[in-house]
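Consider the two complexes below, in which chain A is the common component and chain B and chain C are the respective partners.
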Partner chain A sequence: MLFGAFLNVLNIFLYILLSLLVVYFIRHFTFTLNRAFKSQELLYLGIENQKLPTVTILVPAHNEEKVIADALTALLKQDYPRALFKIIPLNDRSTDRTREIIDQFTAQHPDQIFPFHRTTGKPGKSAALKDISSSITSEIIIVFDADYIPAPKLLRNLVAPFVDPEVGAVMGRVVPLNTAKNVLTRILDLERSAGYQVDQQARMNMNLLPQYGGTVGGIRTSALHAVDGFDPSILAEDTDITVKMFLNGWSVVYQNSCECYEEVPENWEIRIKQISRWSRGHNQVLFKQFKVLLQHDQLRFMEKLDAMLLLCIYVMGPMTFIAWGIAQVVYYSGNTESSLLASNLIAFLAFSCLGNFALFFEIGTAAFLDGYRKRIRLLPLGVMFFFVSLTTVTKVLFKQIWEDTILKKELVWDKTVRFRSETPKDGT
Partner chain B sequence: MTLFILALGVIAVFLPFVPTWIEIVRKTDATPLKISTQILKDPRETPIAVFWHLVQLLGLDSLDDLKKKATVKQPLMLKESLMAVPAGILFEGIPKNVARVIAAESIELPSRVAYSCKILSLGSILTGDHSLFNELHADEQLTVSTGSKVVWWATANTITLNPEVKTPGKVQAKTSIRINGPVYFHALEAPLIQNTSHPVIIQEKRTLNPTRERILSANDFEVPADEIIEADLVIKGKLLIGPGARIFGSIKAHQGITLGSGAHVYGDVIGLKDIVFSGSNFIQGTLLGNQKIHFGPKCIFGLPESPSTCSAKELSIEGQFQAHGMVRAWKIGHFS
Partner chain C sequence: MELKHYSLEERLVEPFRSIQWISLSRAKVVLSLIFLLVFDLSWWFLSETVLDFWAQILLYFTQITHNTWTIQTGYWPNHLHPLILLPKVIVPILAPSRAIWWSFAFATISLWFLTGQIRLSLLPLRSFTRFILFLIWIALACFAISPLAFRHSIEEWSKIYFLASYGFIFFYSAIWTIGVLWMPIATGAKIRITLLLILYELIGTPILFFLSTLVLQYSSLLLLPVFALAFAPLIQLGWFVSFYSLALSNGSVRNKENQF
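Take a look at the complex of A and B:
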């Protein structure tokens, strides 16, 4: 009797989880259809003449000797009036030649580069951005990670949507540079392609919530101050800013044409660390903002739903595992038909539509839209990729609950290792 | 039988990995996606290189020598599909294999012809009526005559578009574009675009207060007539700005925007639905519409010293109009 009631509860829970996966499936399938058949949002494209705002470019750097010179060189070549922008490399206690390289660049471009060498305070990107942002007086703040190489027109295109008084942040597209390195980099290239070309752009087209990604992105300084700036206790400061902007009546714009090269991880260890940091930070924002978002009365239902699904994306991995577990219990309790169906559905839906790891239809459409179709042949490798991501985010969630809630441990920023070149470059 | 089915199953599972493995080994599509540099070449720069190419092909010493050579009363046919034409003549019948026609001085083009080549002139170009051109580039004046069509690109120092001209491509002038009568267009860019004989000199130039407020409204919003507002307006509903009102800030509405007669906006205007300017309106900043923008008579957009962008899916302009910068319609624009 008691066991029967327990099984009923499990069954209900299983079907709730299944329904959630179906919702994600519909969401991503709608995004894909939107990108495949609908035209792109044109509102902010082609703004060729405008009153250009003053811009501060922040380049957070911690032990970036292999890449920082490339980033600064590319930023100095921006097609933007010199008087209207300055670059602040944010050197957060680097122990390699990063400081030396930045100082060499500063000596050569004293009117353009104003370094900020951090030696005290909480380490990490969010804390560094928090430290510097309160003293910025320019209209717009642009953040580039040190491994990014922007094209000459990027800055001009990135600030264009700020003519809209509702726009608080603008996000550009990230394109991997080291694609050909190995199988991992090639799959990451497909993943980035789907994430930006389909996911972000569809959200933009459908007037939902494109995400500010923390790099290749701009923030209106007044909007940043209005939402109380960066939160140094959050690892995913980008997601936090996105949600805060949204809750305070600012919109986030995605500009698909603002492309910028980045370096993606070249080995699985670094990749797993990267996913761990993203999912942990993302979950932090979920725990912090979910209730506020739910209770907000100014947002449309679809906007709220999209924001909540965005925040829950890294929780869906562990939920999938739990659902599989429940399906096994239900199966061995004798209810073979429904649990087999549920099991298969969970496998299919989870594999097809889990956010950053979206496979098949999103990647296929993205490759088609980008005009690089032969790389779709690598799609079967997504199975391996999917399981690595799924186990990583699951492990992170349980670790996070244990460390943050029970042990109350302080979070540590885990920097992504760079691979670009063995010989550090300098300002010359 | 069981073994056979098992073998089939294994093959079915691993079959998709065959092209994967081939792609991993051969790396046929492993280059990074090409960054869109978004630099559109100015076609006025292209001819110089082409002229020099001509100079070399003809074994001449300088561009001046080419100009002298081009005064010969016969078009100069060259290899590599280039054709240099003498000045001041009306020529007919450009061979199909000619990709570029280069005139050292001013030229006139005949009526009722269709040329797919790129026509460049170091002087002026006067087209004939009811003709079809792909590209026209003049260093001085370009006049597109009645009923003609420039499909891809037209550039010059000053451009005149006569009645019933259609320009589905881009029209770009260094100094001004003059519209004479009803014209269909896609993109016009010049420091001065006008369909009036005398441009209005704008007296009211304002710099916006950088610390101005932002007014948010979830519903429709109305600015009373002659009201002065120093703030940005973000309106989720419709926005109605009364006649004679002055907005010292930018405005955005998720629904339609209507500006009453004589209302001025000294910031940017963004509308996700239709925007209607009743007449005698002035907009100092950027103007973006997601649907249709209608300009009533005597509207002025942008400033000569700080040109701006006006962009929408559809643009309809009636009466006298003056713009400074870029006027673009993604679908179609029409001067009535």
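Take a look at the complex of A and C:
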């Protein structure tokens, strides 16, 4: 009797999880269809004669000696009036040559570069951004991670959407620089392609919620202050800002043409750390904002649904894991047909979520739109990457619940290691 | 700052108005539906026919029947440890007396630790192995707790297992239709790869089924859920994704209008 009731509960739970997976599947299938077959709207690209706003470019850096010089050199070459922008490298207690390199650049460009060397306070990107943002007076803040190399026109294109007073944040497209290094970087390139070319752009086309990604992106300073700025306790400050903007009536714009190059992890150790940080930060925002989002009564149903699905994305990994386990228990209870169908469905939906939760047809379509051809054939390898992501995000969720809820442990920022080898001697 | 205020009508109507439906022409939609119908029906019909054909071959070669399977393997966990009669001993009650159970328990625990030694560049292999071990442990637990485990007949299971492999034909063909047929890919490539996919479903799937049944016959039924729940669907989908990526890599036109 009791065992029967237990099995019924398991069955119900299994089908709830399956329904959630189906919702994600439909969401991403719709995004893919939108990008594959709908003609593209080129919003903001034609704006040229607007009054250019004043811009502060922030470059958070912690032990970035391998890459910081490239980033600063590229930023100094921006096609933007000198008087209207300044660069603030945010050196967060680096122990390598980062400070020295920044100071060399500052000496050569004293009217353009204003370094901020942090030696105290909570470490981490969010905390550093929080510290500096309260003193910024320019109209727009643009954030670039230290490994990014922006093209000369990028700044001008990124600020264009701010001509619309409702726009609170703008996000550009991130393109991997070291794609040809190994299989991992090639798969990550495909994954990024899906995330931006299909996912972000489709959300933009469908008036949903494109995500501000914390780099290659701009924020309206007044909007940032209105939503209470960066939260130093959150690892994914970008997701937090996106949701706060959204909840306060500001819109986030995605600009697919604003491409900027970055380094993707070249080995699994770094990749795991990266997923863990994203996943943990994302879940933090989920726990913090989900209730507020649910109770908000001034958002459209589709906007709210998209935002909730966006926040829950890293919880779906563990849920998939659990669903697979339950399907097996149900199998032993004698319900073979239902269990086999459920497990097939889980496998299909879960396997669809290759890599960082992008569906295989989403990746295929993105690669196709980007003009890749032979590279698409790497797609089946994604199944192995899927298992790494699945196990990692599952581990992270349980660790997070244990450390945040039980141990009340303070979070430590774990930066991504860089692989670039060339370091220019100075800022010339 | 000022918040946007939406009226009740806006909130009710806007979600539906804002969905930008895909601008496929009516002819393409009708053709897609016909394709889906014909494809699904023919695959379903073929799968039934092929199932019978392969089942005959399988039974001829392996001589598997429900009774022979049960007698030969003897792995039905209906003989629990005699200590079940002692009320205060908890663990032995749950432990089956069959050596095969203990072998699997020790083997999988050892494998878990061994996979920790796999170098990090092969991390996907470690993750995949541990995922399979996770499924085997659930199997072991169910096997130990429930004397009713594996009460299905092998014939019944075989049929469901085989049909389940064809269970997602609709998904396959939907993605195939939208993702491949209407993409600007060379027509010859579309035909070639569609035929390849059908060929795999007719031959590859039965072979997969045949091999997994053989493995089960000569190892243990403990592996059955691992095949049924993990390997079969993943291998099937793996092939499908391979064909899909092969088809997309034959694109002839770069659609610049849609890129940005």
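Just a few scattered comments:
The criterion applied here is as follows: the second predicted complex is superposed on the first by the 417 of 428 C-alpha atoms of A that agree within 3 Å, B and C clash if a C-alpha of one lies under 4 Å from a C-alpha of the other, contacts with A are read in each partner's own complex, and residues count from 1 in each chain.
Throughout what follows, a residue touches a chain if its C-beta (ideal position, glycine included) is under 8 Å from a C-beta of that chain, and two chains touch if they have at least 3 such contacts.
Fair warning: this is a prediction, and the values are worked out from it, not measured in the lab.
In the overlay built on the shared chain, the residue A:249 is in contact with chain B and with chain C. Touch criterion met: A:380 reaches chain B and chain C at once.
Once the two complexes are laid over each other on the shared chain, residue contacts for A:177 go to chain B alone; chain C is not touched. Of the two partner chains, chain B is the only one touched by A:152; chain C is not.
When the shared chain is aligned, chain B comes close enough to touch A:193, but chain C does not. By the touch criterion stated above, A:76 is placed in contact with neither chain B nor chain C.
Within the superposed three-chain model, A:298 lies in touch with chain B and with chain C [touch as defined at top]. For chain A, the partner touching the most residues, choosing from chain B and chain C, is C.
Applying the stated contact rule after C-alpha superposition, one finds that A:33 touches chain C and leaves chain B untouched. Using the contact criterion defined above for the overlaid structures, shared-chain residue A:84 touches neither chain B nor chain C, since it reaches no partner. In the superposition on chain A, the residues of chain A touched by chain B in one structure and by chain C in the other are 42, 45, 249, 257, 298, 370, 373-375, 377-380. Put simply, chain B touches chain A in their complex at residues 16-17, 19-20, 22-24, 27-33, 35-39, 189, 210, 214, 216, 218, 232-234, 249-252, 267-268, 270, 272, 285-286, 288, 290, 302, 306-309, 311, 313, 325-326, 328, 330.
Of all the residues in chain A, the ones that touch chain B in their complex are 42-51, 139, 151-153, 157, 163-166, 175-180, 183, 186, 189, 193, 249, 257, 259-261, 298, 370, 372-375, 377-381.
Residue ranges of chain A in contact with chain C, taken from their complex: 32-40, 42, 45, 197, 205-207, 222-223, 226, 248-250, 256-257, 267-269, 272, 298-302, 321, 324-325, 327-329, 331-334, 336-337, 339-341, 343-345, 347-348, 351, 360-361, 364-365, 367-371, 373-380, 382-385, 387-388, 390-391. Listing the residues of chain C that touch chain A in their complex gives 1-6, 10-11, 14-15, 18-20, 22-24, 120-121, 123-125, 127-128, 130-131, 134-135, 138-139, 142-143, 146, 148-152, 156-157, 160-161, 164-165, 167-168, 171, 175, 178-179, 182-183, 225, 228-230, 233-234, 237-238, 241-242, 244-246, 248-251, 254-255, 257-260.
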